[in-house]
Amino acid sequence: MSGWLPAQASSFAPQIDGMFWAIMIITGITFVLVEIGIVWFSFAYRGRPGRQAHYTHGNGTAEIIWTAIPAVTMVILGLVSNGLWTQFKGRNSVPADAFPIEVHAKQFEWWVTYTGADGKFGRVTNDSISKTNPTGIDHSDPASNDDIVVRNQLHVPVGKPVVVYLSSEDVIHSFYVPEFRVRQDVVPGMQIKQWFVATVPGTYEIACSQLCGLGHYKMRAQVYVQTQADFDAWMQQQAEKAKGAPTS
Amino acid sequence: MSTAAATAHAGHAHHDDRSFVQKYLFSTDHKIIGIQFLFLSLFFLLIGAILSLQIRWQLAFPGQPMPGGKLLPESMAAGGVLLPEYYLQLVTMHGTFMVFFAIMLLLVGVYANFLIPLKIGAHDMAFPRINMASFWSAVVAGLVMLSSLFVTDGSPRAGWTMYVPLSARHDYSGASLGQELWSISIIFFGLSSVLGSLNYITTVINNRAPGMTWFRMPLSVWALFITAILGLLAVPVLAGAAIMLLFEQILGTHFFDPSAGGQVLLWQHLFWFFGHPEVYILILPAMGMVSELVANGSRKPIFGYHSMVFAICGIAFLGWIVWGHHMFVSGMNPTLGSSFMVTTLLIAVPSAIKVFNWMGTMWRGNLRFHTPMLWGIGFVAMFTIGGLSGIFMAATPVDMYIHDTYFIVAHIHYVLVGGSLFAIFGGIVFWYPKMFGRMMNETAGKVHFWLTLILYNCVFFPMHIIGMAGHMRRIYDPTIYDFLKPVQHWNVFISISAFLLFGTQIIFFLNFWLSMFWGKKAALNPWEDNGLEWSLPSPAPHGNWDTPPTVYRGPYEFSVPGASEDYIPQNKKLPTDREPALAPAHGD
Amino acid sequence: MSQATAAAMSPPFPAERGVDVYNKKLGMWIFLASEVMFFGALIGSYVILRFGAPGDWARPGVVLNIKITAFNTFLLICSSVSMVKAYAAIADGDPKNMRFWLLMTILGGACFVGIQVFEYIHLVERGFLPSGVRDGSELAEMVAKGTIPGATMGLYGSTFFTMTGFHGFHVTCGVLSMLYLYLTKALPGKFTTQDYAGIEVVGLYWHFVDLVWIILFTIVYLV
Amino acid sequence: METTHKHPPYLMIWLYLAVLTALELGLAFQLPISRNLKLLLLMILAIWKALLVGLYFMHLKFEKWNLRILAIVPIPLALIFIAAGMSEHIW
């Protein structure tokens, strides 16, 4: 959409932008009224010899009005926000058919795991993490055999709910895709779900938006939003690659 | 001995036989301590500003050698080009110095010390020696924090919020001693703050002059009183958190270590449970002072005095139950997020009351545009922007997008610079004659105001724009992101404005120091104000009053119809005034 | 009552009526309010960590020595009552009794700190550290055998030593300030029926420390 | 200073506290009841003891309300903090 906000590429984006511009209009009106008032008063009531200020300690009615208006506005804003919030982040907000992806963050890279053909993630343990096994897959779990692990690239199908399971190995990172308007901190010791529906095919960036150390500024990855056919082809290709060179 | 009563009897208002050290160094006089705090905090303000300029250089011209960068050691700037590790130190120390040692000390250290006894008609603080201890522990805290810039592996680099585990584990952040010094410094800072706060609260409750009832107190005293309560109760939580962090760093405890069952979010809860009252510690005293400046400049009673007081109390109360809005996307329980959103939005109401009441004060006034009034009006105009931009991030869905972007940076700077710092500048000009007995130069003050106002908006307003574009905070090099390329020119614009803004402060710097020696001698009541402090000579003598003044009216009786002048000082007895009923002398 | 009382233990005069409490006492109460928040942060963190801990906490009495701490608790309660007896004595104009009870309080507090140091040494010997269980120690064997749950021992050590350590630090400060009062005020006979502010104010602090221990003893040692 | 010549029975309160402490110990180690019930009873006893110390030894019982408020105000704040922190784990 217009202005300085980035392009909209998820189903959340229009809603969040709508909210943003709605608040912009409310605050914009207030802003203009206040600033005009200040300039106008400064000019109209500037000190002149012989002028006497109007002696008053206040006006109850006026104060009640300008207490009530913001209060009502804020309550309405709160209700609307809360509706969207529970839809984006609520405990039970993730659609049942959402396509699961695990995203594992570490200083300073993103590791993305797909379930492979069986639709199940293999068990991961912190103890299994090593140079060759960056996400810590426990290979004794048969569900892990067809898991696909890729570095710094997230491929998602367009128009389909996707849920990312976010986990961190070391410090707090933040999963942030500006075009999706999605942001969720990735907290060590917690697995946090974030879902979204990508709506526009294309290539976007994941940026880490929580200070995570020296390489924070370059902790970025690509998001490829692909049509279902392209996505399936890519998955196929990755699965074959994984079969060709089994991880130790 | 340290009770005010004892000080009163021993008050040597006119026979000051203390040695130089007692008088100016280890002084127990609240005015001297206030001025000591002023020098200390202005020093840290300067340090913080210099750090921010380096941040701005890097953001505008990443990878290019900084002018003067060669002076820095190779471990900070290789060949004059800032290194990422140094950049993170800059970001962290800028935040830490500005929040804790510049703005907070300027408001709570300087103005609370200097103004509370003068404005309520007390001889000194209730506990002058504790007050001195408060100052010197602030000095220790500041020096420890400063020293972290000079240790081998550098100062802390986990951001001023010190999120764990980055701050807790040296292998994550790359800094060891620096991180520990931060925790130690904050513990001393907490001590200083608690000692100061308990002094302010006791003084305001117990040592008011006869007739200075609660609702005759100037709004600045109200604000400082409520702020002291916030500081008293919030800062120990930070101290406790800093102790846990220190133990985590040196004893290997597991409070915040998820691999042993510790909780990462616990730090954020602790930090922001302190941190949000802290935000109001940083703005309430500024609001109080601006009320003084605007009422004086408008020559009108403050509009809705009582609702101003209740708004201060309301903000302070709500301030305790909103801390979660810093954590909307932190992985916190989303239901908790909803409740924090509601309380956060509600804070807009008392803030709006205050802005409208300041405008109501100007309405049909007889405005005098002296420099303090200009800063006061500037505060109202700028705080409005900062307050309104807060609504964006209070709304949780929008916060999901703008959290940790420059939109937040813009918001905090509109509140802390356009808000607090403007009020501080106004306050310095206004009470400068009371501190040093001379006036600051008005012309220089006005030039300083207008240049600062314009350049300040050039620096911080575009930050909203790059924030909308998604520009993250604390990144060393924005140019590597494709989505930030279209707004990089704003970064250049901001930085150049920032350099000019810093240059403008030279006017203030010169005005401040030169006026101390060559400024115009101050008249008894140069601003024709009603406050008790103007009934004393400038600078005020040790012990303030020989006999405490008696207060007959509220602090904002300007332009009373039929009065001979357009102001009536609080202690001026008119024939119609009755003597206030005194509290019994024997406490029973 | 004489004018001396008015100066020492009455609100400043002349001034607007505050809370009708003299400055030092009011200041101490305000300070205690901040102490509530300080211990609130430490105890609150303990509660939150324990509530969300990955598994059970070690049973009470397995790691910590309850008998000796129960005695310590009793000692602190005794020192609290002796402090209040000292206060009552001087208020009734009996400086001799006041000195006796104050000395008892100091002794009680000092014994408490001594026993706590002894307890710490004992715990460290058994392998209980702020960072958890020391390898190869008695407690490590118990963890290996499953007598105590190992997953939470790190948190246990962190919270236990931080909370009790800072409480011990407060007791030490209290003992030192009472010793100072005893030597500079009580012995020279500077406390009178008119002015015993020091006893009352330090007493408030001392009872607060006792109160914190009552809470700590229950939630750390017995739960 | 009316309290000067009439003090509360401090030794009785001391006895009271000692008995409550003994009761706590017995409750914690002897009674075979569920852990949650034990926790509840122990907390009640601890608060009871704390109240005794606050009301009698710290004289809150004999102070005016404006001073009592000082002692009470921080407690709900600390409880709000604990409640929020705990709610992270009751999803």
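A, B, C and D label the chains in the order they appear, each numbered from 1.
Operating definition for what follows: a contact is a pair of C-beta atoms (placed from the backbone, for glycine too) under 8 Å apart; a residue touches a chain by one contact, two chains touch by 3 or more.
Values in this document were obtained by computation on a predicted structure and should not be read as measured data.
Taken together, chain B and chain D share the touching chains C.
By number of C-beta pairs in contact, chains A-B lead all other pairings. Located most centrally within the structure is B, per distance between chain CA means and the overall CA mean.
Averaged Cα coordinates give chain C a centre that lies 15 Å from the centre of chain D.
Rounded to whole angstrom, the centroid-to-centroid distance between chain A and chain D, based on C-alpha atoms, equals 46 Å. Our note on geometry: chain A versus chain C, Cα centroid distance of 47 Å, whole angstroms.
Centre-to-centre spacing of chain B and chain C amounts to 34 Å, using the average Cα coordinate of each chain.
The set of chain B residues touching two or more other chains comprises 233, 237, 262-263, 265-266, 269, 273, 335, 587-588. Shared interface positions of chain C, i.e. residues touching 2 or more other chains, are given as 1, 5, 9, 19-21, 26, 30, 33-34, 37, 40-41, 45, 48, 52.
Residues of chain D in contact with at least two other chains: 1, 73-74, 77, 81, 85, 88, 91. In summary, the structure contains touching chain pairs A-B, B-C, B-D, C-D. Those residues of chain B lying in contact with chain A across their complex are 84-85, 88, 91, 157-159, 163, 165-166, 172-174, 258-259, 262-265, 298-301, 303-307, 329-331, 334-335, 337-338, 341-342, 345-346, 348-349, 352-353, 355-357, 359-360, 362-369, 377, 380-381, 384-385, 388-389, 391-392, 395-398, 400-401, 403-405, 465-466, 468-470, 472-478, 480-483, 487, 558-561, 566. By the touch criterion given at the top, residues 233, 237, 263, 265-266, 269, 273, 320-321, 324, 332-333, 335-336, 587-588 of chain B touch chain D in their complex.
The residues of chain C lying in touch with chain B in their complex are 1, 5-24, 26-27, 30-31, 33-35, 37-42, 45, 48-49, 52-55, 130-132, 151-152, 154-155, 157-159, 161-162, 166.
Considering their complex, residues 1, 3-5, 7, 10-11, 13-14, 17-18, 21, 24-25, 27-29, 38-39, 42-43, 45-46, 49-50, 53-54, 56-58, 63-64, 66-67, 70-71, 73-75, 77-78, 81-82, 85-86, 88-89 of chain D touch chain C. Residues 3-6, 12, 15-16, 19-20, 23-24, 26-27, 30-31, 34-35, 37-38, 41-42, 45-48, 51-59, 62-63, 66-67, 70-71, 74-75, 77-78, 81-82, 84-86, 88-91, 107, 126, 170-172, 174, 176, 178-179, 181-190, 192, 204-205, 207-218, 220 of chain A touch chain B in their complex.
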